[in-house]
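Same chain, two partners: chain A is paired with chain B first, then with chain C.
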Partner chain A sequence: MGKNISYSYMYDGGFALALDGVDISVGEGELVAVLGHNGCGKSTLVKHFNALLQLQSGELSVAGLNVADQKNVWELRRRCGMVFQNPDNQFVSSSVEEDIAFGLENYETPRGEISGKVRKALRLVGMEGFEKRSPHMLSGGQKQRVALAGVLAMEPDIIIFDEATAMLDPAGRGEILSVIRRLREQERKTVVMISHYVEEAVFADRVYLIHDGRILASGTPREMLTDEELMKRTGLIPPVPVRVYYELKAAGLELQKCPLTNEELVEEICRLN
Partner chain B sequence: MSRLPTGQYIYGESPIHLIDARAKLLSFILLIAAVVLASSFAGYAAVFCFTAALLWISRLPLGTALGAIRRLWLFFFVIFLMNAFFFEAENPIFSWWIFRLSYGGIAQGANVVLRVALLMALSSVLTCTTTPMDMTSALQSLMKPLKIIRVPVEDVAMIISVAIQFIPTLLEETDMIKKAQTARGARFESRSLRHKAECVIPLVIPIFISAFRRADELSTAMEARGYRGAKNRTKRKKEPLKARDLAALFISAAICAVQFCFR
Partner chain C sequence: MPVELENVSYTYASGTPYETEALENMSLKIKDGEFVGVMGHTGCGKSTMIQLIAGLLVPSEGKVLLDGNDINAKGYDRSVLRRNVGIVFQYPEYQLFETTVEKDVAFGLKHSGLDRGEVSERVRWALEIMGFSFDSIRNQSPLSLSGGEKRRVAIAGVLAVRPKIVIFDEPIAGLDPLGREAFLKLISDLNEDGTTIITVSHNADSMAEYAKRIIVLDSGRLIMDGKTRDVFSDVKRMEELRLGVSQPRLIADMLSKRGFEMPRDIVSCGELVSAIKERLIGGGCP
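Up next is the complex of A and B:
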């Protein structure tokens, strides 16, 4: 999708380079995780996808639309939805139903079609029956699912999760991740999720590692997350099974292959005898 | 999860909930006028009974709907005392130094307190039975004449409704910051006026900063969802006022007129 993107933030009397010649490409229907520690530029990168930030240099096209072209901005934002980090700062109404309709109303969807689309979006995130509730009264995971429904109602092709699980408890995080998986399998949506929790990238198709505004590496989760040296350079801690593998290795016990999930770890350990 | 904040929309299907938001807003203004115009005992009794009836019909949980009044009891109490003791009356029951307690003063105090409480109860009925988006479009259609003097009516209405919707979030935040500052040694509980005043700044500044940050994030989220000014949005169906709405307007206007005539 994108080639050689650079971006600098301006501030009084200077600028800071946030992205330095990033190349990224996401295929249709792919689930791509972008990992990096705080302040590495991953949020800056994805904010280019729906033209929240203007392209300063490089080329980028999303869903066949040239991002640099101002005429495309609104179509881009419909085709490419975004869920943000803080669940509380995304709501415009104190009724779930009205909040989900907000995006549809922005695109002048005929009044008659709106309630059907709202209901469909709520069903996709497993929140039927919450139409009349107030978002304030929901749990964090439920709030994020409502925010996601607000995006889904516009029927986007691409959905970006900008650290959407960072402020949730483990249960809420689990809820969101299972919805993401379902969206990809049943709805064939392209998903880009950025995160600093490596565990969330395990079920992605491809992983990009970002450090200081540059892409350090990209590849399958197995290639990326089991490479201890690479993870250290990115400033990330590998998932628990990988850490166990290296600890065991240091203690003189070598497993046949490096496990990525807990199940694989159990299997490998059982195979030891 | 948090307790239901006061003054927020509470879902319901009572006749009050069903009244068109425009009619409700106009009726509200008429009823406010009625409360302000009331001067006799009978007049107060009438608006009081009417407000109580509204609360009953709307089937709102009383604790939430009247929570704001309960929370401001000290304010009411002080207003009552000020009126009771400082009213210029002919024959005080008792007077000492600058204080003059009189029947006139007590009546005046009760008057003011009742008036403010009624206004708060009425506005709570309005905001608890109307969704923010309905309120927005009602404000929009009522402010339409302002378009002639180039007021961006749609945007103003949107701003008001989003602002209302953020009140509970900010209240929660205030509570949290208060606790955080208490943990660092701020003395909110202290009875000394000086300590209390010193505590205001460490409370207000973080709230301001956070409100700006929230506003920034919200506006980004709104833009990401395709918001480009309130003008190009799906218009709400222009429904003509129904008999129910006209009845509400008529009753409110009648109450207002009666209060005016019996002044």
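Up next is the complex of A and C:
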């Protein structure tokens, strides 16, 4: 999908290279997690996918559309939706249904179709019955689901979550993650998820690790997250089961394989007992 | 400098259809040098509580006492409050507004009476403690930084004033794992040096590891208050409240269910590992 992408932010006194020759490809229907520490360039990278940032060098096509071509911008933004970290920044209206309809109206969707699409989007995120509520009076997880519904109403092929769970409490995070899984399984959407919660990447198809504007490694969650050395170089902390595995190993207790989930860890320890 | 809430209630939008009682008759005392984690479901009143402590809201009923003095009484010198109680909001990046990072962090010191050199030293100290290289960050625009970096700059701005009590509203949300660890270690160090830390957090794992006392709010009431270990050991209650249970605690419970007995009071990763080691190697004396 993208080749050799570089991007620099310009300042008064110079520029900072945020992306340095990144190659990335995401297949149709894939769930890809992009992990990296704060400031590593992960948000910069995905903001190219729907032309929020203009490509400075390299090549990138999303859903078959060349992002460098200005003519494609509207179509790109419809096909590739984005949910940000702080849902409050994404609301434009005083009622949930109007907020979700906002994008559709901008794309001149015929009036008769709008309410059906809004309802469908709300159903997808499990927020039916909230049509008339004010988005600002909802809980964090509910707000984020409404923001997501606004994106889904556009019927995009690709959805990008830019640390969409970072500000939520555990209950809210669980809500969003289960919606993401459902989108992948039932709606066959392509999902790109940016996060630094390694636990969230466990159920991805593929993981990219970004460090200082470069791709450090990519592979399955198991390949990436159980590699302590690699996690350390990326500036991330492995999931708890992986940490337990390595600490036990250091004490001379070797489990048969490195577990990725709590269940696997429990299984391995019981086997050893 | 102890803080005390005395039968405090707070009602939002009093007299309108949106009237909500956010806090109900809460009494609480936080002594010098405590490290208090405040937990509770969204809307439970935690943010209201810390804003009352910081003097940003005035209680509808009851008193907020700092060092025994009512901070909302007529004639109270509020500069005492401002100098000693620092607050970092949930989205500290909204606190940034200056043209350079250095100026932004220095803002709180403007009327502190410190000379230029001292201000500059303080700013350097605060930025370095937040993990920045002072020389490479000082002239950048705070608005050009990444989300996590903005957050750290905003925190530096509060720390530069060296308040005796620092209140954080969800300080680690949005920080990456190493940033999170580094930040928690930093506030632990500040706490070791005598600073009182009051922090709201949803992150059960981090609170289990660092806080010494946990208070839990639900619908504007204080419903749990105790040593971190005691509060987190009550897995059933924490789950009922949808507060999340620390992952090591969860794993320990799963192991116990499978017949691999684990102590009931494990909350942190280190404790889990030692308990497993002890069980497998035997007798605790390998």
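Simple rule for what comes next: the second predicted complex is superposed on the first by the 273 of 273 C-alpha atoms of A that agree within 3 Å, B and C clash if a C-alpha of one lies under 4 Å from a C-alpha of the other, contacts with A are read in each partner's own complex, and residues count from 1 in each chain.
Just so we're on the same page, contacts are C-beta pairs under 8 Å (C-beta built on N, C-alpha and C of every residue); 3 or more make two chains touch, one makes a residue touch a chain.
Predicted model only: the values in this text are computed from it and were never measured.
When both complexes are superposed on chain A, chain B and chain C clash.
Contacts of A:Ser218 after superposition: neither chain B nor chain C is touched. Using the contact criterion defined above for the overlaid structures, shared-chain residue A:Ser139 touches chain B and also reaches chain C. In the superposition on chain A, A:Gln56 makes contact with neither chain B nor chain C. Using the contact criterion defined above for the overlaid structures, shared-chain residue A:Asp169 touches chain C, although it does not reach chain B.
In the superposition on chain A, contact of A:Asn86 is made with both chain B and chain C. When the two complexes are overlaid on their common chain A, residue A:Phe102 makes contact with chain B while staying clear of chain C.
Judged by the touch definition given at the top, the superposed model places A:Ser115 against neither chain B nor chain C.
Touch criterion not met for A:Thr261: it reaches neither chain B nor chain C.
Put simply, of the chain B stretches 127-135, 181-189, 217-225 or 235-243, the part that bumps into chain C is 181-189. Counting contacts as defined above, chain A residues 86, 139 meet chain B in one complex and chain C in the other. Within the complex formed with chain A, the residues of chain C that make contact are 41-43, 90-91, 139-141, 144-149, 170, 173-179, 181, 202, 204-205, 242-244, 247-248, 250-251, 254-255, 258-260, 269, 272-273, 276-277, 279-281, 286. Considering their complex, residues 1-2, 4-5, 8-9, 11, 131-133, 161-162, 165, 168-169, 214, 217-218, 220-228, 232-237 of chain B touch chain A. Put simply, chain A touches chain C in their complex at residues 9, 11-13, 36-39, 43, 85-86, 139-141, 163, 166-172, 196-198, 235-237, 240-241, 243-244, 247-248, 251, 253, 262-263, 265-266, 269-270, 272-273.
Residues 50, 52, 74, 77-78, 81-82, 84, 86, 88-95, 98, 101-111, 114, 132-134, 136-139, 150-151, 154 of chain A touch chain B in their complex.
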